[in-house]
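So that you can tell them apart, the chains are marked A, B, C and D in the order they are listed, and the count of residues begins at 1 in each.
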Amino acid sequence: MNRDALTRTQAIIIVIVVVIAVIATLIYYAGLFGAATTPKPTPDYILIGGTADLTGPNAFVERIFVYGWKWAVDKINKQGGIYVREYNKKIPVKLIYYDDASDMSKAVSNMETLILKDNVLCMIGKMGPLAASATIPLAERYRVPTFGLAYYPDESVIKSKYYWSQPFESYEQHSSVLFSAINELKLETNRKVAILIMEDPLTTKFFDYYKETAKKYGFNIVYMEPFTILTSDYTVMITKMKESDAEVLIFLGIAPDAVTFWRQCKILNYRPKIALIVLGARTYGWVESMGKDGEYVCTLDFWHPTYPFRVAKYHATCKELAESWEKDTGEKWDSSLAEAADSIFIFADAIEMAGFLDREKVNEAMARVEGEYLSGYLKFIDRHLPVPDVLMQWQGGEKRIVWAPRDVPISIETPIAFPLPPWS
Amino acid sequence: MAALVSIQKVSKNFGGVWALRDVSFDIEEGEIVGLVGPNGAGKTTLVKICMNYLKPSSGFIKYRGLKITGLSPHKTCKLGISMTNQIPKVFKRMTCFENVLVGCIYGAGLKRNEAEKEAERILNMVSLSQKKHTISGELTIFEQKLLDLAVALSTNPKFLMLDEPLAGSTEKEIVQLVSIIKKLRDQEITILWIEHVLSEVVTYSDKIVVLNEGRKILEGKPHEVVNDKRFIEAYVGEEIA
Amino acid sequence: MELAGDPMISPTLFLQLLFNGVLLGGLYALLGSGLSLCFGVMKFFNVLHGSLTLLSCYFTYSIFSLVGLDPLLTSLILIPAYFFLGFFLRRYLIGRLRTFDDILIVGFSLTIVLKNIVLFIWGARPRGVYTSYSMLAIGIIGDIRVPLIYLTCFTISLIGLISLHLILKKTFLGMAIRAVAQDPETASAFGVNPSLIKDLTFGISLSFIALSGTLMSTIYNFDPSLEVLFLIKAISVVVLGGLGSVLGTLVGGVVLGLAECFAGIAGAQYQAFVGAIIFLIIVLIKPKGLFGVYAE
Amino acid sequence: MKGWSNLSSNRTKLLSILLTSCIIVVIPWVLRGYPTLFLLQLAMNIAFAQSWNLCFSYAGLLSLGHALFVGIGGYSAVAICNGGIPIHISILVGAFISTFFAVVISPLFMRLRGVYFAIGTMILCSSFQYWFMHWTEAGRALGLRLRFYPEYSLESCYYFSWLVAFFATTLSWITVRSRLGLAARAVRDDVDRSEGIGVPSLLVRTVIFAISAFMAGMVGGVRVAYLLVVDPSVFSFELSLWATLAVVLGGAGTLIGPILGGALITLLQHVLMGLPEISMLITGIMLILIRLFLPGGLVSIIKKASLLLGVCRRWLLS
């Protein structure tokens, strides 16, 4: 033994000290968390937990989401909060949200922390593209009503008990808008369609849906390819589209890709009669990146500040939401705002209908929620809230509605510009 | 009896420049052979070829009658061949003891406890036992040199190549190193002693080989070599240049 | 997909791809040259490469949208600015890091910080620089059309690379850099201060980053998550072309550009993948052959 | 390790390990909920950091694509478990598959030295990410989901991950103290010299790499058991990066370093959760500051503390 070795007494002293320290810590934490798990007599807040990508690849969209949540929470709190029958009074809402950087393991960690540490009543989040796989089991396990994002219909959402999909498009309606618009507006094309779809968990199903809807509406898909996000050269694809003489173009991809693609279309002088760029041209970044060349490109969206819908109870209107966003950030409106605000309003209604701050009861009440929200008249179908897409077109640097399905009660003021004029 | 090491027509070409050209000589068991020559004569290249760090462009090396060229260095080492380096190469983030221990375990193939005893013995021999637990990167250059020698010895070599052990040492240090080399001779380790400085090599070696510009120009008893005209030319020529 | 049309490619498409590949390659070469210089001379693997390129894109964007200055002119401001940034960064931060651990941890931490600073200042929205000539194309030989912006970027890249080559070969500074790359100790014996040379080299390396960032911003949309992509592309170029020479970098860039363009024939989803595959093949076949230093 | 040797004798070392194990076993029963979650993540980080540490600190292999083995372990575990094999065995088999993979790529990758090895592994890992994104059998971008796993609970995952963390630490400890560890350190310091004294350097590095891959594979399996799903983002560069940061901040080249570093990283993530917009910014700045003002890693604090303890002890004895 070397001379530095501890004697038995010292070892015992150290062990005793450590044990005492550990026990003290245990008692402290047990007290802390024990207290947190027992329901308080009158809670100060109704806690809603959220997880969003604030620093990762989807940060752009999800930061808008967070703004929408906050805006809706503000609106509710301005009216004193949500009326809860259990306590016979209005209780304000508090939103706690964490950053997940679109990383699945972080999103799960965030949600579990929200449940276990913050003891939230319900959860909300876009959950990245992996809503279906990682977060549903979590919601089920802890029996927490959770509002995620999924195209209708998503099998795993339908099968779940606590997971609900936020207002979002349905695959079928989404993939049929352009075709039915062309048919209804009687636009002359050769009915040859070229489709490019990015590889992404949410969008892969579109291959099948586009095939189906094209057939149904009498279109002929002459070219269809998947591509990877951040592709730098589209020459082969564009040339093949040109060679197959497709007059209808559908491009489903995020902004950087859409911009690169559309620029190369011009360079290679490919001009379809009508072009639908689904995600990439949805935001106002499109005109900034494309200038005049982005004009007359169509895109899909399910909300517009001119929508006549409102949430009367909390005095929330579409116009107000868009204006508030534009004032606070200096950026143009985005439909994600409505999506996010609606989710909070729907939660609020479910909580009010439940009358108790109890996860089970709120979850039961969710199914009964129906009514007018910012993105329209919403009602759960198979745990989804499908909202209809309308066709919009970039005209004069603004996004204008040019066609809407019959069941969407909005007036269309702008006629569609067709066909696309030749490249300037 | 055949020579312990036999170097046969070894040539080495580095991108068009001949570092070695048809060098052949033998080393008998128990001998100390001095390998001398001016800078850039190809001495270190020859050692590296013996150790199989480098592949010769042509020719080969026999050890105890076996051709060893083409083996990997660690297999060469297992045969009983070892070397020291001109700039000491030790494992800088390990203690001196560990440095030597690696060689004892892997080079000499000893069991752990035997290896530890052997490592102690070797460190004692190079008088580094005081620094046993020092991280070797913190040693002085001379101590690193000693440690490098100890590491080379730890593999229990039969044939040891010393690459300029005395270069850059003070006189006192030279005395210490030479005494170690004498001890090695007493242990019947065959030594190939490469040196730029002559006096010690000439004193202690049994044979001297002179390289110049990649060619062997002389081989023979130390005193014959030193007085040879070609040898003087090679060295004097260098001094003039 | 079964609908992808016939797998044969027409001569027009082939030539078009060839043009695009080579032009894109020039830009990639410029992106890689900064890393190559840094790596070759300082033996320093600059993990900040991607973030700094991205930052340069954002600076170009801001100057363009606030002042309306042409992005190509912006580079004239950014190049000296980045040079000094690099000089001082190396002198006061990176040059002080001794161990490999330090460089690694500080480098990667800085990438995290830079990315979040970008997020903080510019937000997460994808940005793009749209100029009046962004989408012009010149038609040559039949249906083949060459984008003007690609051509401009390629020309500027080429000028940049040639001037780098000249700096390295003809000037005293270049000789000093090459000497330091080979053997810092010997260089210092000849009166060259290796530390200063390294500071300067890092500055030059960063000014090439500035230039490539500016050019990138005119072609692509960018958002804060693009830094890793830039870094990986630069690494691919460097490894493909080797550290040996400016010419090597150019070759590496062109190989990568061509590979990306032609991979589209096999299917669009392979494009991002192909650089990595080529990289791995080269690394596995010739691990040493492609890695030289600024020697000769 | 060194920091511990003068802190405690073998007996106290054993005692403290026993005590820690007891506390770890008891915690989910005493503190339900959040602390369990926190410690679960901590254990996973420790295990992965240990795996990386073994590679980097003891064999000089700077792998920036270590998530590769986590991914392979995870995907294999899911695939095997979905075939009807119990999860425990699946994780083990998955780990063996990633070991096997490490052995296969070793002869090619061990030729790369220093930074080249780092770049090579980094690019290999990202090509795997692309590959799995497009591999239909592996569920493309959606990844694979664990279909059959009835005994799932937070507690079981907690014990799983601590088991792996303990296993990784013990395995590292055994490896480092063995003759293999000695040889690996020699190879790390000087490949040529170690060859010259009889160390088969390629073999040594391959074995260390394989052991490290085994640990990482286990981490992958446990990760799947916890998340119930594995997708191509498991190969992301960030995952490898966190291991690097954890080890270097904790103190590379020690066994306690990765434990401290893993704890620090987990703590940072959880403490800064409340500032979602700037949490990563603060994390980055914190990492730089820690590095600049505590160059030896967190271990150096322990060393200082142990010195202090030594002084106290001497004072008590006199």
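The rule is short, and it goes like this: contacts are C-beta pairs under 8 Å (C-beta built on N, C-alpha and C of every residue); 3 or more make two chains touch, one makes a residue touch a chain.
This structure is a prediction, so every number in the text was calculated from the model and none was measured.
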A-D compared against A-C, more contacting pairs: A-C
Where chain B and chain C are represented by their mean Cα positions, the distance between them in whole Å: 47
Rounded Å distance between chain A and chain C, as computed from the means of their C-alpha atoms: 35
Computed distance of Cα centres, chain D from chain C, in Å: 33
Contacts with 2+ other chains: residues of chain B: none
Multi-partner residues of chain C (at least 2 other chains): 115-116, 119, 269, 272-273
Contacts with 2+ other chains: residues of chain D: 130, 134, 280
Pairs of chains, among all present, that meet the touch criterion: A-C, A-D, B-D, C-D
Residues of chain A touching chain D in the complex: 1, 4-6, 8, 10-11, 14-15, 18-19, 22, 26, 29-30, 33, 37, 52, 54-55, 97-99, 101-105, 108-110, 112-113, 116-117, 129-130, 132-134, 137, 141, 199-201, 204, 228
Interfacial residue positions of chain D with respect to chain C in the complex: 62, 108, 111-112, 115-116, 118-120, 122-124, 126-127, 130-131, 134, 237, 241, 244-245, 248-249, 252, 278, 280-281, 283-285, 287-288, 291-292, 295
In the complex, chain D residues that touch chain B: 179, 182-183, 185-186, 188-190, 192-201, 253
For the chain C and chain A complex, residues of the former touching the latter: 1, 3-5, 9-10, 12-13, 16-17, 20-21, 24, 115-116, 119, 123-128, 130, 134-135, 137, 145, 147, 219-226, 229, 260-261, 264-265, 267-273
Residue ranges of chain C touching chain D (in the complex, touch as defined): 39, 43, 45, 100-102, 104-106, 108-113, 115-117, 119-120, 228, 232, 235-236, 239, 269, 272-273, 276-277, 279-280, 283-284, 287-288, 291
